[in-house]
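First chain written, first letter: the chains are A, B and C, and each begins at residue 1.
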Amino acid sequence: MAAEAPSSATRIDVARALREGALAGLIAFGLFLPLIGFNTVQNIHNELVLETRWPLLAAMVAIMAIGRFLYALLVAPWRARLALRPRPEQVAVAPWRAALGRWVVPCALGFAVVYPPLALSLAGVQGAVKWIDNFGVQILIYVMLGWGLNIVVGLAGLLDLGYVAFYAVGAYSYALLAQAFGLSFWILLPLAGCLAAFWGMLLGFPVLRLRGDYLAIVTLAFGEIIRLVLINWVPVTNGYAGISGIPRPSFFGIPFNASDEGFAARFGLEFSPIYRTIFLYYLILALALITAALTVRMRRLPIGRAWEALREDEIACRSLGINTTNTKLTAFAIGAMFAGFAGSFFAARQGFISPESFTFMESAVIVAIVVLGGMGSLVGVAVAAVIMIGGTEIMRELDFLKIVFGRDFDPTQYRMLLFGFAMVLIMVWKPRGLIATRDPSTFLKERKSIAGSHVKEGHG
Amino acid sequence: MEVFIQQLINGITLGSIYGLIALGYTMVFGIIGMVNFAHGDVFMVSAFIALVTFLVLTTWLGIGSIVVALLIVLIVAMLLTSLVNWAIERIAYRPLRGSFRLAPLISAIGMSIFLSNFVQVAQGPRVKSIPPFFNEVIVLMTRDDGYEAAVSYKQIVVWLVTAALLAVFWFVVTRTALGRAQRACEQDQKMAALLGIDVDRTVSITFIIAAALAAVAGTMYLTYYGVVSFADGFVPGVKAFTAAVLGGIGSLPGAVVGGLLIGLVETMWSAYVSTDYKDVAAFSILAITMIFLPQGILGRPDVEKV
Amino acid sequence: MNGAGHDMAPILRVEHLDMRFGGLVAVNDLSFTAGRGDITALIGPNGAGKTTVFNCITGFYKPTEGRIALQYGDPGVWDELAALTDRGERSVARGDGVLFLLERMPDYLVTQQARVARTFQNIRLFQGMTVLENLLVAQHNPLMRASGFTLLGALGLPSYGQAERAAIDKAVYWLEKIALTARADDPAGELPYGDQRRLEIARAMCTDPVLLCLDEPAAGLNPHESAELRRYLHMIRSEHATSILLIEHDMSVVMEISDHIIVLDHGQKIADGTPDAIRNDPKVIAAYLGVEEEEVADVESEIP
C-alpha cells in the first residue's frame, strides 16, 4: 500500500489543499448548521423558538476548513513521504527500551504506594482528600474493574458488554446484607464476590455458546435488565432512591469517626476525614493488586493458557479435548467475582448506592479500558484506566478555562463529549490497543514477545 | 375489544418507527458485519434536525400548511442526517475496516456517547416539545363507558410515510444497480471488489440510506410524539436493534417484521401488564431470541466451517 | 511395513454412516473398518465427503444416521457393541478394554475420553502463542487435574510444578522429533508452512491418542517435506502404537505409506482395499478422471 502512493501525494500542493479545505468547510457547514447554528429555547410563553449562533457556527466551520487546509498542505505530504521510506524488519526491542520496560512496573507500584503521603504534603489535608479520593480511589476502582474484565475480554476473548451487572450485584448484595445482618465489611466482601461469581455462572450458562457480536449484545441486554430490575423492584432495592446508610468499613474493628473509640482518638490524632480516605485508598490498592497477582498466576496455570487458546481458536481447543464451555464459564465467573469485590468496595466507600451508578455507560467505559489496554496486558489496562478516568476527572479541575471562555463556561459539561470523542480517536489511532505485544506464559530458553499481528482478538 | 384495537393501532405506529431504525442496523450489519452502536443516536440527531427545520419553517418562514412543512422537513432531515452518517462512517469506521473486530465496536460506542452529549451541550438538556398538530381522530369503535378506539391523523401520516418510503427503498435495493452492488458486497466483499465494485462507495451509500431511513423515523417520531430529548437515542436504539435481531439480522423484510412485532409487544405489554417493566420486556425478548433463535425469524442459521 | 491390522480386532468401525445437510447428502451409507496399528487412508475427488466423515468421527458433526465404534485396550470388549448400542449409552468398559460410540459424544470428549486426535485441513495452530505453549495447551487435561482444577495451583503447591515440568519434557521430546527445539519460544504463526503442519501433528500427539486423524497432512509440501512426513508418520505408528486415519490427495504419500485405502466419491464408498488393489481399480480411476467406467476400460484395452 505504501509503495504505491503516487509521487504527487508527497508534494506540497496549495491548490489541492485549498480545495480540500473548502470541501471540509462545506461539509462542516452542513453538519453543524442545524444544531449549532440554531438553538432551540423556550420563551416566556413556554413555546419553543429558535435562536441563532452564527458566530459560533462560523468559527467552527472556519476551524474545520483551515484545519483541513493545513493538514492537506503540510501533514498529508509528510505522511506520504514517511510511508515511502522502507520499513525495517521487525527488530528486537532496543536494549534501553527493554530496560525501561522492566522498571515501569516497580516504579508505578512505588508511586501508587507513596501517593497518599505525597498528596498530603503537596495539597495539605483539605486538598488531599479530593486528590486521594476522586483521583486515586476512583482510578483504582476502574483499574480493578479493568483487570477483572481483562480476564473475560482480554484473555478469553469473550466480548462482555454487561460487566456492570456484576459490579451492581456486588454493591447491592453488600448494601442489603450489611443492613439486614449487620455483618462486617471483611466478611461481606468475599461473600459479595461469591454471589457475583454465582451470577456470572448463571448468566453465562445460556449465552456462552453464542459467538462474537451475538454474545456482546446478549450481555448488554442482561446488564440493562439487571439495571431495570434494580430500578423497578422497589420493595427490595428502593428503586431510584437507592440504598443509603450503608455501613462504612472500619480499621479492623475501629470505626473512623470522631468518637473516643474512633480511629483518630485511639491513635492520638486529631479527627479528620482524611484517615478513612487513606484507608480506603490502600484497601482498593490491595484489592486491585490481588486481582493482578491472581491473573498473572492463572495465566501460568492450565486454565489461563486454555483461556488464551480459546481466544486464538476455539475449535482447535475442542479438538484437543478441552471443554470450552467450562473454560468460558470459569472466565466469566472469575471476572464477575472481581467485579463483585469492586462493587462491595464501592458501596462501602460511598455509603449510598443507586441504579444510576450502574448504567451501560459504565460497562462501555470498562470495555473501552480493556480494549485500549490491548492484548490482555495488565500494564496496558492500568495505563488505559489512568488515561481515561484520570483524564475525565482532570477536566473538573480546569476552572482556569473560565478565564478564556467566560463565566458561563462549564467544563464538566464537555467531559463526556470529549470522552466519547477520545474513544473514537484512540481506537482509530491504536486499534489493537496501547500494548502491541503479548508475553508468553512459559518459555523454554528465553521469553520473546509476540507481535500483535499474530494474536487474535477472539470470536466470543 | 376496543382497547385491543387501540393498542393494535398504537403498536403498529410505534412498530413502524422501530422498523425504520431497525433497517439501518440490519443494512450496516449486512454489509460490514458490524453493529453500529451509534445508529440509535443518529436517529435522535435526525429528530432534532427535524425539530429545528420545522421551527425554521413555521416560525421564521411562516409556512402555514403543516403538510408542506412536514414534507420539506422530511427531505431536509434525510439530506442532513445522511451527511452526518456519511461523516461518521468516514471518521470512525472506515479506518478500522479489516480484521479488527473490537476496535470498530468501541469506536461506535464512543461515537454514540459523543453524539448524545453533543446534542445535550448544543441544545441543552431540557426536553423539547412542539405544539401538537394533526390532532383530529377518526373514531372506530366506542365502548359503553365512552372509551373510544380511534386512529389519529398523525398515525395515518406515520403509516403512509413509512409505507411509501419502504416501497422506494425496496425498489432501490432490489431493482437498481446500486442495490445489486450492495447485496454483492454483503455476500463477499473481496469478490465484489475484484469484479469492479467500488466497495468504499457502496459502504458509504449504505450508511447514507440507513441514515435516510433513520431520518424518516426521526421525523415521524417528532410528528407522533411531539417531544424529543437528547437521551432518546439509547433505548429506542436498543429496541430497534432487538427488532433487527428478532427478524433476522441481515434480512431486510425481517427488520420490518421485527419492528412491528416489538412495537406491538411493547404497546400490549404496557396496556395489559404494566408500564414499568416495558423496557425489560424488550431486552428480555432480545436475550431470549439470541439464546434460542440467533438467526431470527427470517434469517438463515450461521454454520461454522470446521 | 504392514500393521497386522486385519487379523486383530479393528480399532475403528464405521457402519452405515449417513450425513445429510438439509436436502444435501454429504455421506451416503458409508461403512469401513480401520485396523489397529494400521495407517488407513481416505481418498477421493474433491467434494467426496472425506472431511465430513472426519468431522463425524471426531464429534464435530452429529451424523444423521450410523454407528461409529472405537475401541482400545482389551479387544474382548467388542462383544459388548450390540448391548451398548441398545442401551443408548456412550461407552462401556470390560477389563482394561473400553468401547466408545463416537456418534453419541461431543467433540471434546471424543478427544478426552476416546483418545481420538485430529488435525485440520487449514492448520489450526494457536498463532499468537509460542510453539511450546501450543504443545502445553494440548496437555491441558492432565495438567488441570494436577493443578487441582486451578485451586491447588493457585496456592503454589509443588505437585503442579512437577506435572508442569513433565509436560514441558514431553513437549521437548516432540520438538526434537520435528527438529523445532530451537524455535520453541517463537510464535507459531511465524513458522514456515511445513513446520506448522508438523507442529500441528505433534500437538495432536501430545494428547496421547490411540487414533490420529490427519486431514491432508501433505497439502502444500514439497517432495522432500513429503518424504519427511512419511518418516514422521511411520515413527508415530511404530514407536507410539498409534493408529492413523488420513485424508490425502498426494498419491505418493498415500500409496507409499498406507496399509489400507478407502475411496469415496460423492459421499459413497467405491473401493476398499490395499494400495495395489486400489491403484488398478477402474472405478477409482473413473472417479478421479470424471469419466464413465466403460470408457476407462476401453482406453486401457487400447494400451499395449
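Everything below uses one rule, namely that a residue touches a chain if its C-beta (ideal position, glycine included) is under 8 Å from a C-beta of that chain, and two chains touch if they have at least 3 such contacts.
Remember, it's a predicted structure, so these values are computed and weren't measured experimentally.
With respect to chain C, maximal separation of chain centres occurs for B (centres as means of Cα atoms). Put simply, the chain closest to the centre of the protein, by Cα centroids, is A. Between the Cα centres of chain A and chain B there is a gap of 30 Å. Work out the mean CA point of chain A and of chain C, and you get 46 Å between them. Centre-to-centre separation between chain B and chain C, using Cα means, comes to 51 Å. Taken residue by residue, chain A touches two or more other chains at 315, whereas all remaining positions touch fewer.
Of all residues in chain B, those that touch two or more other chains are 306.
Chain contacts: chain C has residues 60, 120 touching two or more partner chains. Per the touch definition, chain A reaches chain B in the complex via residues 27, 30-31, 33-36, 38-42, 47-50, 153, 159, 206-207, 210-214, 216-218, 220-222, 224-225, 228-229, 232, 315, 360-361, 364, 367-368, 371-372, 413-414, 416-417, 419-424, 427-428, 431-432, 457, 459. Against chain A, the residues of chain B that register as touching in their complex are 33-35, 45, 48-49, 51-53, 55-56, 59-60, 80, 83-84, 87, 91-92, 95-96, 100-107, 109-115, 117-124, 126, 128-131, 234, 238, 241-242, 245, 276-277, 279-280, 283-284, 286-287, 290-291, 294, 302, 304, 306. Across the interface of their complex, chain C is touched by residues 294, 297-298, 301-303, 305-306, 308-309, 311-313, 315-324, 330, 438, 440-448, 450-451, 454-456 of chain A. Every residue of chain C that touches chain A in the complex is listed here, in rising order: 58, 60, 107-109, 111-112, 117-118, 120, 124-130, 132-133, 136-141, 143-144, 147, 149-150, 153-154, 160, 164, 168, 172, 181, 184-190, 203-204, 207.
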